[in-house]
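Next, two complexes with chain A in common: one pairs it with chain B, the other with chain C.
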Partner chain A sequence: MSQKSFVWFCLLPLAVVTTAFFLLPMARLVVAGAEGPHGLAGYLAILTEARYRATLINTVLLAAATTVVTLIVATIAGMFLQRHRFPGRAVLIAMLTFPLAFPGVVVGFMIILLAGRQGLIGDLSNRIFGEKFVFAYSIYGLFLGYLYFSIPRVILTIMAAVQKLDVGLEEAARSLGASPWAVQRDVVLPALAPAFVASGAIAFATAMGAFGTAFTLATNIDVLPMLIYTEFTLAANFATSAALSVGLGLITWLILALARSFSGSAVAAAG
Partner chain B sequence: MSTAGHGAAVRIEACGKTFADGTRALDPATLDIARGETLVLLGPSGCGKTTMLRIIAGLELPDVGGKVLFDGKDMTSVPIERRNVGMVFQSYALFPNMTVADNIAYGLKIRGVARGERAARVAELVALTNITGLENRRIDQLSGGQRQRVALARAVAIRPGILLLDEPLTALDAALRDRLRSELNRLLRALGITTIYVTHDQAEAMELGDRIVVMRKGAIAQIGTPREVYFAPKDRFVAEFIGAANIVEAPVENGVLILPGGRLPIECGATTANATVMIRPETIRVTEAGEGILSGIVDSVSFIGDRQRLVVSDASSKPLNVDAPNTIQARIGDRIGLSIAPDAVRLLPSEPRD
Partner chain C sequence: MRDRLIFTGQFIFTLLVAAFLVVPAGLSISAGVTVNYFRGIQSGVTLQWVAQVWELYAGTILLSFVIAFATLAVTLLAGVPAAYALHARGGRLARIVEEIITLPLAIPGLAIALALLLAYGSFGDFRRSWLFILVGHVIFTMPFMVRSVMAVFATVDIKTLDEGAASLGASPWRRFRDVIVPNALPGILAGALMVVTLSLGEFNLTWMLHTPLTKTLPIGLADSYASMRLEVASAYTLIFFVMIIPLLVAMQLLADRDHKR
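This part shows the complex of A and B:
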């Protein structure tokens, strides 16, 4: 067997799995999306029908907000954790990255324990203001859940990137008169841009498509995965749910591609 | 250059540095650097030279009691961003997200200098450092030598009071290093700015320094002009670190060094059982066998081009390195004579070997 055919042979399992569990279902999904009463136009429903469009906008806004807030929180925390040594640091990092081990359902459950009808925040606000603050079952609860979900992944990526930063760059900027803020703005953040794009993409994609947390919190939150679920199981509307699924995938991919090309110059320069 | 003749006088007073883990990087040292002087901190790695530079820069705080003064003004607690020092790092630390021109102009931009004035200053420095035409390049498109020039231009752009260079040529290959060394020398003279230059390369120190501070294990071993440290090293470490040196241990009787290969008159030296002296290889003259003061046997001959290095045994307790003119015909095993002027033999303080 030649070297080349051996390599192809080794790739065979991957090819089989990819075909069986990715390409075939995807093709079926794409076909199913066009089999509804409106045919191919069913694909446009995600944009044309007001309810779907509102849900799409909602989902994108939620994912974008999750990404931005996660990046801000995780960058500050990641930089601090990478640059400082203090007792309990290892424990703190372990705690911060713990949610990696939780499925979405558990995260949803924790949000309910915090901000649900019997939740801690409700109890507290009831005692202080005489009114229960409950927001677990809304898009705010979902936002909190996704934040909890995304921060660990982003923190780890940022910490790795900060470790690779040349401290000399910051010292050089300071020697030229740059204030701590200017050093962050002109040197540190541009150097971390590739890490922002990479980890932000994961946070965004997760927030666009995650289902478990949303499902645990409530069945009437207006996000695309929930919409697909209700169309599929409750309305038995296969064609629409297939079209929505393909749309969700395409739109997520499109936004990530845009973000990547938009920051492409910065990434290339910092690489 | 409008910066010519400018620059601050630097004084560091009892500056030591002990790191948090208890490591002593620098013993308390006091040092004066005159306005416009180029001072080289020279020593092997771990000798404290970079720590001293970083204390002067404001990147490290000296231990309690240490003081850094610029033109008599106490700068010890002033952070680096307000010290107005230009710094060139070994890694160059150029900003990868900016072009060459933006790198050079960065310090001016931070200072709020107007765009037009910035461009003029960049043009001036680009010409001075011979990198015309590279202004719009990205940093990853530059060679090592070009990066070094950009780093220097960026440091000088802000018209610093003091220029600090941390092994700026170490990352370059040997041929380029030699060429850039003379270019750097010309530039530093032209700028006339107070310069502190850290290196472990004695050839760099000799060529660039008005004065050299030889450092060892966190302490200053000797301060002097290149000639002083070369011809009159204070101790064995300095003698061996700067240039090539034969260190000979032998008894002295009435101003004469008693060696296996003969009796060598020296300038100073009361009678002692064990003196340590230094003889530079180029001060030893090769003569016919039987002539000269010492006699020895050629052990090896290395032809270097402009000269040849002979190793001669039997003349002293240890083989002597001799730099001979490239015209002398010497073969291994030849018996030759050596003559050494009395003033070329330098008596060193005896010290326990380590």
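This part shows the complex of A and C:
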């Protein structure tokens, strides 16, 4: 066998698997989205139908809030961990990154243990204020869950980016009389912008499409993945759920593609 | 003085964030071995919940391992040669192929699962078997294997090695077996750990693809969260932690070793 045909032969198994179990099904999904009573207009329902639009807006707002808060939290903690050396630092980093491999369902359970009916927060608030704070099963619980999910990922990216910063630039700014705050604002944060975009896009896309956490917390939280799930399984509304999931897939893919073209690094959302 | 204050503030903040992540996991571990969570750990320490989980859900744990290793086998057989081919061929086609196989990372698992259901849901025997879940896991984990192997090819000069072996008269297949694969081993190992970890924890796709007879561990977890007492759900989560943490540690050690080289 010649080298050239051997290379093609190497590619063959992957091509078969990807075509049969990814490309063809995705094409089927796109077609199914237009097979409803409204035909192609089914794709516009996500924008025209008030209920779907409200869910979409809800999901985008939740994902945006998750992204912003995660970035702030991860930047403060990541910068601190990368810039200082102290005993216990390695343990702290391990603690902050070990939830990386938790599936969404487990994250949901963590939130129930924190803010659920038998949760820690309710228990503490009951002792202090005489009232039980329970919010795990609402959109706030979901928000907390997405934070839990994205903080470890983003911290790792920020720490890697802080490590690559040129400390000389900061020293130069300081020697020219810039205040610590001005150094952060004008030197450090702009240099971290690509990391913010890359990790922020992952956090956003993951929060848009994650299903496991919402599923564990409650089935009546109004976000896009739950809507798709209920349309498909409970209402057996295949065309709508197909159109909605194509829309959701396009949004997450677009955000990640935009972030990648801006920051130049490969990004991936999982979970 | 001021630096000291900033340091302390950041330190406390970071500690709080770590607590947010670790405390619930700790609660879950302690609840899994507590006789009665409501009364607290004073009620005694027990393994009865772990035993009960084993009785109820051993099948899901077993199936998860079967699927994880089958996923690993498929991603190895299809992914490693493909990574080599994509690297050797290069150019536009390789970039497009890489782009396509990476798409499942950008598209929510729910959408991929729906696509698989719509395309193959009517093939009853296939739909009912665990192979249906396997297919989803393969699509979802394949990019990790391919990219992790390609990352190694980008650092070792595989082309020179390959051409050297070719000039000595080695056939393409022998070169692949004796030159390419041994050199790609670190990437294969990293990819394999990632594939198994992701497959063991995969829920989004699996929830849509499973049947009552093909439940994996995360499906069982969701089931126990919804219908079992907190102690049982916690014990189950504990078992999941015990399974997943060695994999995470191995991944970290591998990354550290790569870093030092």
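As a convention for this text, the second predicted complex is superposed on the first by the 237 of 271 C-alpha atoms of A that agree within 3 Å, B and C clash if a C-alpha of one lies under 4 Å from a C-alpha of the other, contacts with A are read in each partner's own complex, and residues count from 1 in each chain.
Rule of thumb we're sticking to: a contact is a pair of C-beta atoms (placed from the backbone, for glycine too) under 8 Å apart; a residue touches a chain by one contact, two chains touch by 3 or more.
The structure presented is a predicted model; accordingly, all values stated were derived computationally and were not measured.
With both structures placed on the common chain, the touch criterion links A:A173 to chain B but leaves chain C unconnected.
By the touch criterion defined above, A:A182 lies against chain B but remains apart from chain C after alignment on the C-alpha atoms of chain A. When the two structures are aligned on the shared chain, A:A205 is found in touch with chain C, with no touch to chain B. By the document's definition of touching, neither partner reaches A:L44: not chain B, not chain C. When the two structures are aligned on the shared chain, A:F98 is found in touch with chain C, with no touch to chain B.
After overlaying the two complexes on the shared chain, residue contacts for A:P190 are found with chain B alone; chain C is out of touch. Note on chain A: of its two partners chain C and chain B, the one contacting more of its residues is C. Residues common to the contacts of chain A with chain B and with chain C across the two structures: 266, 269-271.
Interface of chain A with chain B (complex): residues 166, 168-169, 171-179, 182, 186-187, 190-191, 193, 266, 269-271. Contacts from chain B toward chain A in the complex involve residues 57, 59, 79-87, 89-91, 93-98, 106-107, 110-111, 138, 140, 154-155, 158, 164.
The touching residues of chain A, counted against chain C in their complex, run 1-3, 6-11, 13-15, 17-18, 21-26, 28-29, 32, 73, 76-77, 79-81, 84, 86, 92, 95-96, 98-106, 108-114, 118, 120, 147-148, 151-152, 180, 205, 208-212, 215-216, 225, 228-229, 232, 238, 241-242, 245-246, 248-249, 252-253, 256-257, 266, 268-271. Within the complex formed with chain A, the chain C residues making contact are 6-7, 10-11, 13-15, 17-18, 20-25, 27-28, 31, 37-38, 74, 77-79, 81-82, 84-86, 88-89, 97, 100-112, 114-116, 118-120, 135-136, 138-140, 142-143, 146-147, 166, 171-173, 176, 197-198, 201-204, 207-208, 218, 221-222, 225-226, 230, 233-234, 237, 240, 244-245, 247-248.
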